[in-house]
Each structure stands twice: as structure tokens, then as C-alpha cells.
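Labels run A, B, C and D following the written order; every chain starts at residue 1.
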Amino acid sequence: MSAARFAKSALEALGDVADGATVMIGGFGPAGQPTDLVEALLEQGASGLVVVSNNAGNGDDPLARLIQRGRVAKMVCSFPRQVDSWHFDAAYRSGQVELELVPQGNLAERIRAAGAGIGAFYTPTGFGTPLAEGKEHRRISGVDQVLEYPIHADVALVRADRADGVGNLVYRKTARNFGPIMVTAARRAVVQVREVVPTGALDPEAVVTPGIYVDAVVEIAGSARGATGATEEPA
Amino acid sequence: MTATDTSGPHTSGRRAPLTKAEIAARVAADIPAGSYVNLGIGLPTLVADHLATGRGITLHTENGMLGMGPSPEPDDVDPDLVNAGKIPVTELPGASYFHQADSFAMMRGGHIDVCVLGAFQVSTSGDLANWSTGAPDAVPAVGGAMDLAIGARRTVVMMTLLTKDSRPKLVERCTLPLTGVGCVSRIYTELAVIDVGIDGARVVELFGTTHGELEDMLGLKLGRTR
Amino acid sequence: MTATDTSGPHTSGRRAPLTKAEIAARVAADIPAGSYVNLGIGLPTLVADHLATGRGITLHTENGMLGMGPSPEPDDVDPDLVNAGKIPVTELPGASYFHQADSFAMMRGGHIDVCVLGAFQVSTSGDLANWSTGAPDAVPAVGGAMDLAIGARRTVVMMTLLTKDSRPKLVERCTLPLTGVGCVSRIYTELAVIDVGIDGARVVELFGTTHGELEDMLGLKLGRTR
Amino acid sequence: MSAARFAKSALEALGDVADGATVMIGGFGPAGQPTDLVEALLEQGASGLVVVSNNAGNGDDPLARLIQRGRVAKMVCSFPRQVDSWHFDAAYRSGQVELELVPQGNLAERIRAAGAGIGAFYTPTGFGTPLAEGKEHRRISGVDQVLEYPIHADVALVRADRADGVGNLVYRKTARNFGPIMVTAARRAVVQVREVVPTGALDPEAVVTPGIYVDAVVEIAGSARGATGATEEPA
């Protein structure tokens, strides 16, 4: 990918998202949710989206509202059900949104496979369960394994802690979660960070996401420690 | 580590059933010093309170951390630092963070010594059902359950032995959607510790019941360890 | 980016053949600003000297680094900082380090924009042979060649057009063991820049030779770009 | 794995290695070679070894001498041939050592797969080449791909820069190379470090290898920057 661009707003960073696009959204519960970028997606207007994200929105957070407004055709996730996932629950029960339920480790490994150029892989996870029904399987070294395929995306929306001038990223604590793999699996990776620091300010040994994976960065002042609104949501 | 003389399981039969905290302590007592452990959401989180410091036991949380500490004081809550149940936690010295694929590689690659999970049903052969009640209108959710069930070196279950309407959770064959096949090696309940697996169910320890009463209650023929 | 009007390739026919440094400069001229680039060992390393700073081009070395800089002064050699040819290099601001699986995931996942490789043979359909001379007593070695050849978004070859004993390296069909199938899109040589691929070989630019002379020399029918 | 043990010598850290064991050895050329641990393996005496390492020894370095002394039955590597790999070259030509030549990216991914519990994976690398002959393949999303299996080991010998008291590791520059994946793929991972630091002294965000993967650590004073002898070798 060519060098990262630094945008002045989340909407500018987001750029064009086509109807029907596959959008990965980072975060595990509130930790690491790119709240401002999902708000921008709400504003931008694309619909018929396939959203790949561990959860399916909490309360009235931007992802929940994206679902509520009928903009999401399909969710690919491991844990849509939350105490406050009422918008997803309603959309799912009414048949408005399709669900592909994926074990969390398969979700992570399939996203990583997309970024790493792996065509498919065998894993024991899910064998013999309803989530592996209809999938190819074989016994390898005495263990029954299911064939799983990569999950690619058109756009990944991710939150990191800091970016430098070439787009290298570091994250913060368990907010790291899906960010580093999602940026590798999308044709375009858009990142909101708490702070942009000068190139050279990040320790090259401690960079988690090399800038090669990052296409657009927007600095959202005070977006660390859930100050983007994530803290207001029940866990 | 557990009682292996034949008198053990049987003479303990007249002790009282365990409280949840006591079950957690019993699970903790079986975890070797120096182990890396993952505690599933729900009941198993209670086990943490019984893992004495100084035994070098390290907690993994599959959302991307080793060296997880207890809940923070209210003023120290950090929304970027949560466990797999999305509950705020803390960081112990020696902690490390990693992304989801690395975290599940750690689990799926067999590096976690012990995983303690809750369950709706466990079969005598060690099948686990803990992610879906099978209710037709339920919104399904699986999270890391399937990876945890089969990835750890040793997967054990902590649960009540009966459902709220008194049906056994240890069964000949699970009727609920499976989480994993033959993955559970032991269950810890208020009435008994029972090994499960290819050799069937074998009672390890009893609390406030007898072997015969337990068999009647479960409608199962149970073996004895050793 | 390259000459596309039909007069280009043909009127340039009477220029002199390029030196190795000139081939390297020609390769560099085709690399878009902002690209992430991997330069294979041997001839392609010369390309680095022609990637003007300020164009934001970042070098990847598959042993685990982005942001590789030029050779160090002798006093600054660091044995922990080498390129894929095990030659000491330096670190530029914005560099990052990663392990082998992550480094090859970067390459194999299609994230490197341009990879420049040397070659023993390239076929008109873009097959590459660059890892084995096929000599029966040779100790084989492949390194990252096969991953580089097929992993980059665009793989180009920098080589002399003829072997030391004057046999063509651009061939109808490779006779040496393959590195990758249909992976090369363009070759840069002292006499010509030639596109290869499913449409066959098409001359982009000539240096000190004519289209007809080149066809005779290679024993191949060559097309023209556009 | 249980908590890391800190040994007083490389030989003690190495522990028991059985004849016929599969041993992974980190390093890419001189960078990251666990020279002292391989010396210890020479001294320890195990033979009939399968060695998994990117290269097959330089000059008279410990791995080269291990091969010279007939202790290695098979090398699994990507680039055995070096200007000074005379011991391997001789052993290979005389048929004393078997060679499984693996493209470097497949070597890395197969080691990672072993550590990550992946049963097998499809990759385009090598398709249509002699190194994929006889291997299963299929076309996925229009790309021909080869099925590759994980590489497990009994022991991994790795060099890192620093370890803390629970075995967390950080590396130094391109000496990182195979270390972080090899420690995940071996039943026992033995690491030589330049320095052991107190637990808490490594930034949890910058730990490259979590201690869970590390079984034994030995501090070799001055083992950074090739001071273990690696610098003396031609590149």
C-alpha cells in the first residue's frame, strides 16, 4: 500500500465506502472501538454493508445505530448478543440482518489469513458443532479439523493509541484486540488515533502495526481511555 | 493431586454439598503451581479468588492479555483494560498484551495449561455444550467458547450438577448444540468431582451424597477413579 | 509512467545499451512515489541508490524490517542489523521490526507494492527461474525467492538479457527449475525493457538495438506495448 | 507451559535432548544465532538430530560443527548454501545429511502453524515448482495453492536480547527473525539472552514473546551485538 494519508476529520479519513462493501470494525466490547469512524460511516451513507466485528453494537453506539437504520445487510461476528444489543436483536429477529456466527478464534485466524495470503486452513475449532455444518473437514494427525477460508474486507476501521508520520501504530492494553489483524485484511485501512507523533518517536522494536498496512489516519483528540463515548456504555 | 485411594471418594460422601465458592476453591486446588490458566466467563471467574499468589499462576484472557489482575478500584477503571466478559481488570507485573490472532494462537496451539469453563451440559464422554440453549428465538453468540474448549491442554468444567428445574447437566449424550467433542476431562460441581472422557464418567470425590444417590439422581452408571 | 506512444520504443532504439547502474535507474524510475519495495539480493540491490529520498519509498527486507537504510560506516556495523543478503544495513526513522512469519505475511499477503528480483530465466508468459541452476552437484538453496516472486503486487526482474555464454535469459519456456508461475510482469535489461505475461513478451523500450535485432538475438517474436 | 526456569549455564538451560530429536535453531545468518546454546548441544552429545533452521551453518560455527561431526541426520531449511557452508556442503554431497528445502515463507508459516494449532494451510508459494512436487494442491479463488503442514519441534534454541523474571522476551533489530515463532512450535523453548531484567521492567505493550512460551532462560553476558562470536564470521 502506498504511504498513509493524514486526514483532518473522521469523514475525510473514511473516504468513499460503496454500498454493499465489507467493512471490518475493530474493538472488543468498548475497548478499541473506532467510535468516530463508525459515526462517520453513519454519516457517509453507505448501505447494504457486510460488517465484520466481534460484537454487534452496544446500546445506541454507532454500530448499533448503523444496524438500527437498516444499513447492515449482514454481520459476521462471534458474539452479537449483549445485555444491551437491542438494535441487533430486533434486526436479527425480524430477518432484516443476516448473521454469520464465527468462533472468535476462527474469526481472528480467518482475518489474519486474509492479510497473510493464506488460501485456507484446517483447524480443530468447531468440529462436530453446528457452526461447522456443511464445511469440509478431514482428520490430520489424529485430530478432526475443519477447512476455513480467509475473510477479506474493503475497508477496516480501527482505533489505535498513537501513529507516527509513516503510519506506524501502537495500541493500548486490551484495546489492541482486532486492530492489528484487520488492517492487514482490508484493501483500505482507516485508523483513528489519540495522538499523531513525529516519525522516529515510536520505538521500532515496539511498533505493533507497521505503516505499510495503514492508508488513512485521523487524530481524534481525547480518544484514549474510552473518552470517545465508549465509557458511557455498560460493559 | 486428587484423592486416589479408594476410601477417598466414598468416605467423603457424607460431607455437605459445596457452595459456589467451595467449588471454585476445589477447582483451584487442582491447578498446579506455575500454570497458565484461562477462566471462562460466569462461574469460573470465581476460581481467581482461590489462586493463591506465590504459586506463580498466570491468567490469560483471550481478548489479548497474559498476567491479568483483579478488578480495579472504581477510580482506576480503564476502559482499554477489560477481560473476556468486558469487565474492567488490572495488569500485574510481567503482563503482556497481544492481538486477537496471537491470543487465540496461544489458546489453540495448546499453550494454556488449564481452561475452566461453565456448561449447560457435559456428556460422560467429555462432549461440551455451553454456548447455546437451543431456544429457537434466541440470538446466538459463541465468542471464544469453541476455541477454549478444545485448545487448552486440559479443559475442565465448573457448574451446578442440575439445572434450575432439576434436570442433570451430566448426560449420556448432549441434547444441546455442541461446543466441542470429547474436550472436557473433569467436572467440578456442588455434589461431586467427576472425570469424563473415553472411559466414561468416574467419580473422583463426593460432597453430601453417596455414589448410589448420585447415580440415581443422574440416571447414569458412574465408575470410580482407580 | 513508461513510454506508451508508439514512437517511444522505436526511436529510442539507437541509444547505447545501459550500464548496470542505468538499468537500476530505469527500474527506479518506474517505482511510484510512496511505494513499499523489496529488492532481491544481487543486481536488484543497486536500485536502492536510485530511489531518491523525498519520494517516500520504503524498503522491506524479508528477514524482518521495514525502513531499511543504506550500508553503515564501518564503525557502525551492527551484527543484529542485516538485510536478506546478510549484509549490514542501517535503520531509517519510521523503521519497524517484525518476526519471520509476520514479515512473510506482509510479502505473501500482497502488501509489498513492487519486488525487484534477479533471474536466470524468465519466460514470455512471466514464469521465473532464479533459484537453481539445475546443476546436479549444486547444493540447493531457495531462501525467500518463491515467496517474493508471487507475493508482491508487482514482481519485476532486473537482469542482463544474455548469460555469460550469450544464451538468452528471456525464453519461450524456462528450462531451469521454476521459482514461480506467471509471476513476472516486466523485465529490465541492458538492451530492453520488456513486458511479459499472458499476452506474451512486448517491448516497452530499447537501448542500442532495434526490435528486429532483439527478436533475432532472442529467437523470439516480440510484440510492442500498445 | 509452566513458568520459565533460569539456568546458570547454557548446558543446564539446554537440559536433556534425546537422540533423534527435532531441534529448531533461531537466527538468520549471524543475526540472532543462539551460539552458546548450540555449543551446549555440541557438548551434550545428542545425535541423529533433525535441525530446523534457516541456514545450515557458517564457517566453523557451532551448527556447522554439529553437522561436521555427523550429529545431524536431516536439515530443514531454506538457504543452506553460503560462501562458507563447507561442512554442510560436504555432508550433503556425501549423503551424510538429508535436506528438506523449504521456501523461507513456508518455513516461517509452517513453524507458526505448529505453534498456533493449525493443522495445515494452503499457500500459493511454490506452486508449479520442484519444491511442491508430490504435494496436494487445489485452486482457491482462482489461484493454485499448495497444502503445507506444520513443523513441530522437541526443542527450540533461540537468542533474545532481554528476558524478565517470568520469561517475557524482547529481541534486537533483525536478530528477532525466527525466535518468536520457534518458541511457540517446540515442546520446550530454551532462550539465551544478553540480560535478565526484573519482572516489570519490560513494557507489557512491547513484549514480543510472552513468557508462556519460554521454558528455560540463560543469561550470557555480552551476547548482544554478535559478541558471542557471530561477528567473526563472514556475512
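Following the convention adopted for this analysis, a contact is a pair of C-beta atoms (placed from the backbone, for glycine too) under 8 Å apart; a residue touches a chain by one contact, two chains touch by 3 or more.
What you are looking at is a predicted structure, and each value in this text was computed from that prediction instead of being measured.
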Result of counting contacting C-beta pairs for B-D and A-B, higher pair: A-B
Rounded Å distance, subunit A centre to subunit D centre (Cα mean): 33
Distance between the centres, which are taken as Cα means, of subunit C and subunit B, whole angstrom: 56
Intercentroid distance (Cα basis), subunit B paired with subunit A, Å: 30
Centroid distance [mean C-alpha coordinates] between subunit D and subunit B, Å: 35
Sites on subunit B at which at least two other chains make contact: 91, 97-98, 101, 104-105, 108, 151
Multi-partner residues of subunit D (at least 2 other chains): 109, 112, 116-118, 123-124, 171-173, 204-205, 208
Topology of the chain contact graph, where touching chains are joined (line, ring, star, complete, other): other
Touch relationships between chains, expressed as pairs: A-B, A-C, A-D, B-D, C-D
Residues on subunit D engaged by subunit B in the complex (per definition of touch): 1-3, 112, 114-118, 164-166, 168, 184, 199-200, 204-205, 207, 210-213
List of subunit B residues in touch with subunit A within their complex: 61-65, 78-83, 85-88, 91, 97-101, 103-105, 107-108, 127, 132, 137-147, 150-151, 177-181
Interface residues, subunit C side, partner subunit A - complex: 32-36, 56, 58, 60, 66-67, 91, 93-98, 101, 104-113, 151
Footprint of subunit D on subunit A - complex, ascending: 109, 113, 116-124, 140-141, 143, 145, 149, 170-173, 203-206, 208
Sites on subunit A touched by subunit B in the complex: 28-32, 54, 78-81, 85, 88-89, 92-93, 99, 101-109, 111-112, 123-131, 144, 171-181, 208, 224-226, 230-231, 235
